[in-house]
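Below: one structure in structure tokens.
Labels for the chains are A, B, C, D and E, by order of writing; each one numbers its residues from 1.
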Amino acid sequence: MLLKDLFAVTMLLSIYGLLSATFFVAMDAVDVAFTEASVGAGISTLLLLVVISVTGRRERRVRHKPYAALFVVILTSMLLVFGTSDMPYFGSADAPIHNHVAPRYLNDSMQEINVPNIVTAVLASYRAFDTFGEVVVIFTAGIGVLALMSVSSKALSKSQPLNRPRGLYEQHLVIRIVAKTLFPFIFLFALYVQFHGDFGPGGGFQAGVIFAAAFILYAMLFGLDAATKVIKPAVIELLAALGVLLYGSVGIVTLLNGGNFFDYDYLLADPIAGQHLGILIIELGVGITVTCVMIMICFGFSLRRRAYEQKVAIRPKEGAV
Amino acid sequence: MFIGLANTWVAILLMMIGLYIVIAQGNLIKKIIGLTLFQTSVFIFYISMAKVEGGTAPIFSSDISIYSNPLPHALILTAIVVGISTTALALSLIVRIKEAYGTIEEEEIQGLDEEQD
Amino acid sequence: MIIAATLAIFCAMILAISRAFMGPTLYDRILAVNSLGTKTVLLIALLGFVMGRPEFLDIAIVYALINFISVIAVLRYSDSNQFKENSSENEPIGKER
Amino acid sequence: MVSQLPVLQVILPLMAAPLCLLLKRSTLVWLFCLIVSFLSLLISILLVQQVSTSGPIDYAFGGWDVPWGIGYRIDQLNVLLLIVITAMSSVVLIAAKESIAREIDPEKHVYFYILYLLSLSGMLGIVATGDAFNIFVFLEITSLSVYALIAMGRHRRALWASYQYLIMGTIGATFILIGIGMMYQMTGTLNITDLSVRLAELPQKRTILTAFVFIIVGVCLKLALFPLHLWLPNAYTYAPSIVSAFLAATATKVAIYLLIRFTYSVFGPSLSFAAIPLQTLFMALGLVGIFVASVTAIYQTNVKKLFAYSSIAHIGYMILGFSTGTVAGLTATLLHVFNHALMKSALFLALAAVMLRIGSVQLSSMQGLGRQMPWTMAAIVLAGLSLIGVPLTVGFVSKWYLLVAIIEQGNWVVAGLILMGSLLAVIYVWRIVEVAYFKEPATAQKGDVLEGAAGGSTEAPLSFLIPIWLLVGANIYFGIDTRFSTQLAQSAAQSLFGVSP
Amino acid sequence: MDLVISISSGICLLLGSFICVSGSIGLLRFPDFYTRMHATSVTETSGVALILIGLMILSPDLLVFAKLVMILLLGLLIGPTTGHVLAKAAYHNGLKPKLTKSGNEQSSVPSSERGGDISKS
């Protein structure tokens, strides 16, 4: 990473995301690849770009304190190589992980849960509480970003005082038309991913990211004001909370029905149907929260950026382009 | 021996590059990029261990008998989400730091802080 | 034949990556990333057939979409003021005491 | 419903957090949080009773048996931590309303309370869970919310402190993730009980040792053990006062819990202490930490920072007890976890009151405060005495147990050094006493004092004095009547040695 | 019948991958941004189309076929659009095509250095 241009580094990170996702496909981890593609190459690149557009793209000067860092890194890597030299070889079927807990998931989940995508079964039923934690993590991040970035409405005047040139996109016809034709398709696809997660790769998280990406695309092309008109930020906040609550309420209902937390067998009379219903609802909760939090984060960044640009523009230094 | 663990060691190499960037770089955004790299490499490490020779993706199909281990996949899905959440929060901190200090270079920020003391 | 195509796409990806590394301009990189994304879509589609489970083409679709969105995003934000060299601010904006 | 207590303990604040968004009004949200927090306290008290009568409680999520699903396991060690966390959170929250109104913009109050509840539930989740990966997830919930909470401080340095903490914390969490991955690789399980069984019978030790080292380093980063403590002072100093009080009372305690849980329950003392010279290392680090941090504390001009360094020193005491590897030493550590939470929350809450009234916690601006805010300053003095370890306070009890444990091992030098460390504590506490009681009140307010906090600073409001004196009272009560705390700590320590092979 | 299928798909795949590789070589070897762009965008569309058609012939069921068609449509829609936008953005921001042999590769005037050389550190 000797590049000084943060922009180039971001591009390379996006490539890294794409490549690692491809690697995950080659390693049979299709769900992970799905997520990594949309997160590593999509959302995180997007966020980095917004931030770089605020902070400036160039690193000031290269200043390394390489010796301490090198020492730590070499020590750690030696330890890691030492530790991994004992590990079972790559792909060997008699490694402990393939023989202790996982066989039950592979062999019995069809009878117990009847969801062909075993990763979904593990994620949403066997380890549903981890996934609940995951949703809460993303909710936390959303609230944290809001707490840090929210601009009071007073500070942000609605009419943009700085006379920005009409950006590339305000005048770009081709891309707007193409995007417009794409939107219905993207939403349809997101819905497919959301509800097809039981049978193939996908699920609430991935669908949420796709939804959010479509929405962010809309905001980028048609402006933030238009986007906030479609969904008010306050509504998004509420929906994000609602998603978490929806997920949790499944657990509460199972509690009230006399089962343990997230024991979907108690949702309906038929345990298998109960499992299906439970997984459906919690995936919906995940989807809603992820969509809203991603939109929330991107809006937060963009609004802050606009406020920042306004402040910059007020200064006598060369303001608008 | 070398073939059998090559995957793991490549993951370790990537991890260490990431860790080095986090520690050595002075630019806050680059630190975050290093952190992302570090985390993603750990994901690679996890996913590598889930692979079974001859297995396919753990999605049930009646004519397939060997699947890769689904549990690490489920764990890493969670971990990816955790990673992006951390990144988002860190980036929002960076924006605030830029607003408050006017720079995102570690050294300059520390200099500004010492000035104030 | 599928395997040959996979390898060819793989080579093409390597070439694209080296262009992304070399730059030299911003747009070269964007172009390289975009072209890499397209090739990744193909690679994933091909890999599905190589591994005998072509059901997982959803991932390829996601790639295509994400690729599109990220190129748009790159161009959108490369349009911003801060990307110019001389407009990086040196003084704090928010007076936070 | 009784059998569901373990999950309710965590789920209650977790579900309450998003509900806060619906309430909107700051006061309402505060009241709601307070109720939730006290309910959790109630649940943890019930859990203490239940565990002490009928032994550890197991709880299986989703009805899946443990190695396959996620299980909670509440034993004597967990309940100790649960009760400390919930009690501290509840007491601190009483004072939150006034303090927050002063230090945080009104439109962010709701976010503050949500993040507060999330960090609370994250900590509870870490403590209650019996699944290694679940620990990681809840660790991240806590960490993310705490980063955001710290960054809400008024000073711009809060941002920088939060960023540093984020980098360190994320590296630590990722290290823990690597360690968990290696353990999983070798055993195929994530459940802690199952792990301990399968790790013990494993022939190859190299990977396990590496996993152990990674987890320990990761936990120590979170713990702010001496050479890895750099993030802590700034984070505690520039965070909003309430957050400082809450964190000082709970965050490092959770990390100590993780350390104990991993060394004793997962890896087992035979592997943890035999394979690496961990005991000697920790003893040395603990001692150096005590001295370096105490000496640094003496030179601080910001009282919050002073106590932050003192926290690092006290982590040193806890690590010393831990490093003995005996029941007595572990009892001392756990007792100190309990007692230190009492002292530090009292001190930081009192500082929050000072912040509320005079808008600064610089030592120089506290001149003559003993006359202006007699009750608050008296609380600081009493809690400070407890920090030193004066008899009849909790500080004395835990130091006494620590000394006994160390002398039991015949380690007189270390015992002497601990006493010297306490002398250093006398110096830094005295500095505050001197300024507050023996200097005339500053006539002209300093520039760095917030506007509106001018001149005649008066006593803190009752909403502060009640929790502060509750804590000070606890400091003295548990210093005299030590049955409750020592019994909790002792049974926890014994259970660890009983369980492990 | 099988033979016909495998031969036709093989031809499509081979042609497609050849086109893709040649496009990438162009991306690497051509002298400036616009020529590189020309190389990739022209070849990419046809290469993607050919490879996907090759796979479509092989597809075992209708769902896979439909997904491949979707990818193809997306590719045909997105590829040219991004190319168009990219070229326009580059030109808009002052990146001049390299016209003569002696011309500097980054012939942009310093004031509009947005797209200028950065990475030569």
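In this section, a contact is a pair of C-beta atoms (placed from the backbone, for glycine too) under 8 Å apart; a residue touches a chain by one contact, two chains touch by 3 or more.
A quick note: this is a predicted structure, and the numbers were derived from the prediction, not measured.
**Q** Which chains does subunit A share as contact partners with subunit B?
**A** C, D
**Q** What is the chain whose Cα centroid lies farthest from the Cα centroid of subunit C?
**A** D
**Q** Go through A-E and C-E and name the pair with more C-beta contacts between its chains.
**A** C-E
**Q** Look at all chain centres (mean of CA atoms) and spot the one farthest from the centre of subunit E.
**A** With centres defined by C-alpha atoms, farthest from subunit E sits D.
**Q** Round to the nearest whole Å and give the separation of the Cα centres of subunit B and subunit C.
**A** Computed value for the inter-centroid distance: 18 Å.
**Q** Centroid of subunit B to centroid of subunit E, CA atoms only: how many Å?
**A** 30
**Q** Between subunit B and subunit D, what is the gap in Å from one C-alpha centre to the other?
**A** That pair's centroid distance is 28 Å.
**Q** Indicate the residues of subunit C shared as contacts by at least two other chains.
**A** In subunit C, the residues touching two or more other chains are 23, 26, 30, 32, 51, 55-56, 58, 61, 65, 67-68, 72, 75, 78-79, 83-85, 89, 92-94, 96.
**Q** Counting only residues that touch at least 2 other chains, which ones in subunit A make the list?
**A** Where subunit A meets two or more other chains at a single residue, that happens at 5, 7-8, 28, 30, 50, 52, 54-58, 80, 84-85, 87-88, 95, 97-98, 101-102, 105, 127, 130, 133-134, 137, 140-141, 144-145, 148, 168, 175, 182, 200-201, 308.
**Q** Can you list the residues of subunit D that touch 2 or more other chains?
**A** Expected reply: 133, 137, 140, 144, 147-148, 151, 156, 178, 184-185, 190.
**Q** Write out the stretch or stretches of subunit D touching subunit A in their complex.
**A** 4, 7, 11, 14-15, 17-19, 21-22, 59-64, 67-70, 105, 107-108, 111-112, 114-115, 118, 121, 125, 131, 133-134, 137-138, 140-141, 144-145, 147-148, 151-152, 178, 182, 184-190, 198, 204-207, 209-211, 213-214
**Q** So in the complex, the part of subunit E that touches subunit A is made up of which residues?
**A** Its residues touching subunit A are 77-78, 81, 84-85, 88-89, 92, 118-119, 121.
**Q** Touching subunit A in the complex: which residues of subunit C?
**A** 17, 20-21, 23, 26, 29-30, 32-33, 36-37, 40, 43-44, 47-48, 51, 55-56, 58-59, 61-63, 65-70, 72-89, 93-94
**Q** Residues of subunit E touching subunit C in their complex?
**A** Residues of subunit E touching subunit C: 6, 9-10, 13-14, 16-18, 20-21, 23-25, 27-28, 33, 36-37, 40, 44, 47-48, 51-52, 54-55, 58-60, 63-64, 67-68, 70-71, 74-75, 78-79, 81-82, 85-86, 89-90, 93, 95, 105-106, 113-120.
**Q** Quick one: in the complex, what on subunit C touches subunit E?
**A** Listed in rising order, the residues are 1-2, 4-5, 8-9, 11-13, 15-16, 18-19, 23-28, 30-32, 34-35, 38-39, 41-42, 45-46, 49, 54-55, 57-58, 60-61, 64-65, 67-68, 71-72, 75, 78-79, 83-85.
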